[in-house]
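By letter and in written order, the chains are A, B, C and D; residue numbering begins at 1 in each of them.
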Amino acid sequence: MLAAGASLALLPAGALRAQSAGEPPRELKRLVAANRILANEGVVDAFGHVSVRDPRNAERFWLSRSRSPALVELEDLMEFTLDGAAVDGRGRTPYGERMIHAAVYAARADVHSVVHHHAYGVLPFTITGEPLRPVVHTASVIGAEIPVWDIRTKFGGTDMLVRSIEQGRDLAAALASNTCLLIRGHGAVVVGGSIERAVLTAIYLEVNANVLLQALPLGIPEALSAEEIERSAEAQFSPLALDRSWEYFCQRAGVDPG
Amino acid sequence: MLAAGASLALLPAGALRAQSAGEPPRELKRLVAANRILANEGVVDAFGHVSVRDPRNAERFWLSRSRSPALVELEDLMEFTLDGAAVDGRGRTPYGERMIHAAVYAARADVHSVVHHHAYGVLPFTITGEPLRPVVHTASVIGAEIPVWDIRTKFGGTDMLVRSIEQGRDLAAALASNTCLLIRGHGAVVVGGSIERAVLTAIYLEVNANVLLQALPLGIPEALSAEEIERSAEAQFSPLALDRSWEYFCQRAGVDPG
Amino acid sequence: MLAAGASLALLPAGALRAQSAGEPPRELKRLVAANRILANEGVVDAFGHVSVRDPRNAERFWLSRSRSPALVELEDLMEFTLDGAAVDGRGRTPYGERMIHAAVYAARADVHSVVHHHAYGVLPFTITGEPLRPVVHTASVIGAEIPVWDIRTKFGGTDMLVRSIEQGRDLAAALASNTCLLIRGHGAVVVGGSIERAVLTAIYLEVNANVLLQALPLGIPEALSAEEIERSAEAQFSPLALDRSWEYFCQRAGVDPG
Amino acid sequence: MLAAGASLALLPAGALRAQSAGEPPRELKRLVAANRILANEGVVDAFGHVSVRDPRNAERFWLSRSRSPALVELEDLMEFTLDGAAVDGRGRTPYGERMIHAAVYAARADVHSVVHHHAYGVLPFTITGEPLRPVVHTASVIGAEIPVWDIRTKFGGTDMLVRSIEQGRDLAAALASNTCLLIRGHGAVVVGGSIERAVLTAIYLEVNANVLLQALPLGIPEALSAEEIERSAEAQFSPLALDRSWEYFCQRAGVDPG
């Protein structure tokens, strides 16, 4: 439950699609589920995070305080502005890299959820120049093009974390209109039009990466065609596929589908 | 339990080998077990499905409604004609790819169970041209020849799903008299003379694929000879081996061997 | 518990080191533990088996009836002669490959336990000609030389199972005085002076195989020297190391160390 | 609970930061947690160990008796001098390789915790000459240089265990001022300024090794720059990152964060 006095109390009744008086808003419950799912599927480990844009206020987003996704609870969720400032911090420590989320929401009106992770299967593609492209239909949602961003290009020798809004904006510019971005020696950013889409894209980015890692020693893997990527992504994001997989990943993670 | 008014109520007493009044038919219980086993062994994830031909009516087959195999219950099972039409849908949404099952049952009288999956170890063989052939005796059941089918060849740029009965028939023609078929950038189809055979073949197809993936960087793996494949497959499908492995996989999945 | 009338009842009191009246013999309890450990560590799956020579009668050995090791209970254990004949079958179906055990015990007086398995990491070495040699000290116990036996050499096109005592003897001759033997396209045989030794050797054979599979693409892995193998194996089989690892593997498998 | 009469009873009240009368000292509780975490994350298996320098007496360190880390309890912890002698053995058998810890604490005043392990992903780098260097930011803490030590160079054909203080000193000299050391055909030593740091470094050494193993077949992996390693390591050891990951790994291992 959200603590009394939380910023949500300031929102009009029904904000964030609260299902009934006293119940936490549906979108925030799903954000908790998303944290647990990504941890359970090995997309995130001790590190990584997932956020959602506030459905009532496009200039705000929700993200956990600094905590591993596997442990995130409803009361860990904090609200931020698109500059990465906490709206109602109440002494909670935010993630050092919340600027990734802030800058992407500012740059992309179509994005309603952002995942940042260091999935092990994806990491080899951030350090070798080997392109990560969709080779299986369930991963069509990752998109035809996945750019690689290197913080060193513009910001030199750093601690490799995206700490400032300027760094976040540079990352968002590299992401451009794509769905996934790799970060050299660090991880990835995955965006989606909803929490469910961002989560599923992050999971199948990792699946596709692992298939590709195993296929590359065997020959030159055939990628999906541009038309297949577009049409298959639409099918993967149909209610038929999205509902089925959300129910599945929730059940595995032991969380309520919401 | 099957809901009252289910199509089974229309069948004569004892249909589908019901063991006693009120008990669900043995074949359907086994189909639920098959779903859970394939999920538990990692052959299917959020996607994939398994069906059984109706033992009383060769023109019908049973398949879950659109749901991840890990979650399938008895009441999710739906009956279909060999055109892929639901006999008694009762508002349940079927899988988009039920035509795979429909077309294979129509083409192959010897087939009584069909598995469609995207097992990760198998996927590299669908996109590289490297043949997937049996190299270990437990996998002799996959057969000497495993064709690769590409939906694009006949149907051009699609969403890569086998949606129409025409697509299903083209796939079934490519399968011909083999036991396994790979689908480019998508997955596989595995057929069997019984649920147990199809399930075990699907599991050991994945085992064999993983062994091959690890062996290929070491040298040219020696495949089983045609005679070994034939004789070993017979041994693997003997009651000795089949009962032992069915009991084992049921226990791991936490389901009743039926 | 052993069923009343089991052959053990015919043995003198204290047979098989029974710890007190009514308690099952220690060696048989350990054989059950060995089955569960090998299953839990992924050395065996639905298939594979482990036996122990009868401590009171060197012409007899104990092995489960045909059942997956993960499920073996005390009452599944059967006694066999060194020709592979069941001493007191009571209608239980033995493993088709019990001749492996029979022939090895007949040929090797120093062997008191035999494991036959199809561990996935070991299989690539049975089909590629790449030698499996110890590269890490915990695996020194597998020995400097691991021959590969191919049933086809002497017996032509078979179902690849070691079904006759003649086939078992040919396998035992290939094993010679070594600790491990690979079987082409099939698996391995691991022997030991005790259940604990055979089990640990089988586990670290798999560990070593997996390390080697990952090391081979990086360069030519340096193997242990003959002197290191001999001295390290002695250390690995010291009570210090053996007790520690037996306790560990029992705890993981949820069985009593015995 | 520590047994009555344990050496701790001889220390002044509040020794080892005991939180209140009757409670075990915080540092020892964390050492138990460290054992469980390393086992749970697969860094250690039946073998491997972790120690902590006594916070009250820099000439002493704590290490479990000879037991697999997964099973270590508070009463298994023993105190040792920097010569590897047990201060109060009470009949408990120490690890054969405690000299690794003794020699490293003697040589490195900055080290307060030592992990010795045989993590499978790290082993290929001990036998192939392929250098293990940090390629992902979470692993910056492993340091820019990781020497490989071979016991054979100075001590010839041994059982490969670090048994004498002379061998331990030779190892410590090879470690020099680095954080990690590989041991040919054997494993690794990881040191840290605290238990938490040593544990996290050991975990991400394994993560980095696995990423590198998968990246190497794809091309020449780009390593972190010297400046990135230094700055990122500082960030990874900040309270923000350290607290988050310690809480996470404790929760996964089912232990109290302490």
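Just so it is clear, a contact is a pair of C-beta atoms (placed from the backbone, for glycine too) under 8 Å apart; a residue touches a chain by one contact, two chains touch by 3 or more.
What you see is a predicted model; the values in this text were computed from it and never measured.
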| item | value |
| --- | --- |
| Any chain that touches subunit D and subunit A | none |
| Chain whose average C-alpha position is farthest from subunit D's own | B |
| Subunit A and subunit C: spacing of chain centres that average the CA atoms, whole Å | 48 |
| Where subunit C and subunit D are represented by their mean Cα positions, the distance between them in whole Å | 34 |
| Touching two or more other chains - residue numbers and ranges from subunit A | 217 |
| Arrangement of touching chains [line / ring / star / complete / other] | ring |
| Pairs of chains satisfying the touch condition | A-B, A-D, B-C, C-D |
| Subunit C partner contacts - residues on subunit D that touch it in the complex | 45-47, 66-68, 70-71, 93, 96, 118, 120-121, 123-130, 152, 156-161, 184-187, 213, 216-217 |
| For the subunit B and subunit C complex, residues of the former touching the latter | 135-138, 140, 207, 210-211, 214-215, 217-222, 224-225, 227-228, 231-232, 234-235, 240-241, 243-245, 247-249, 251-252 |
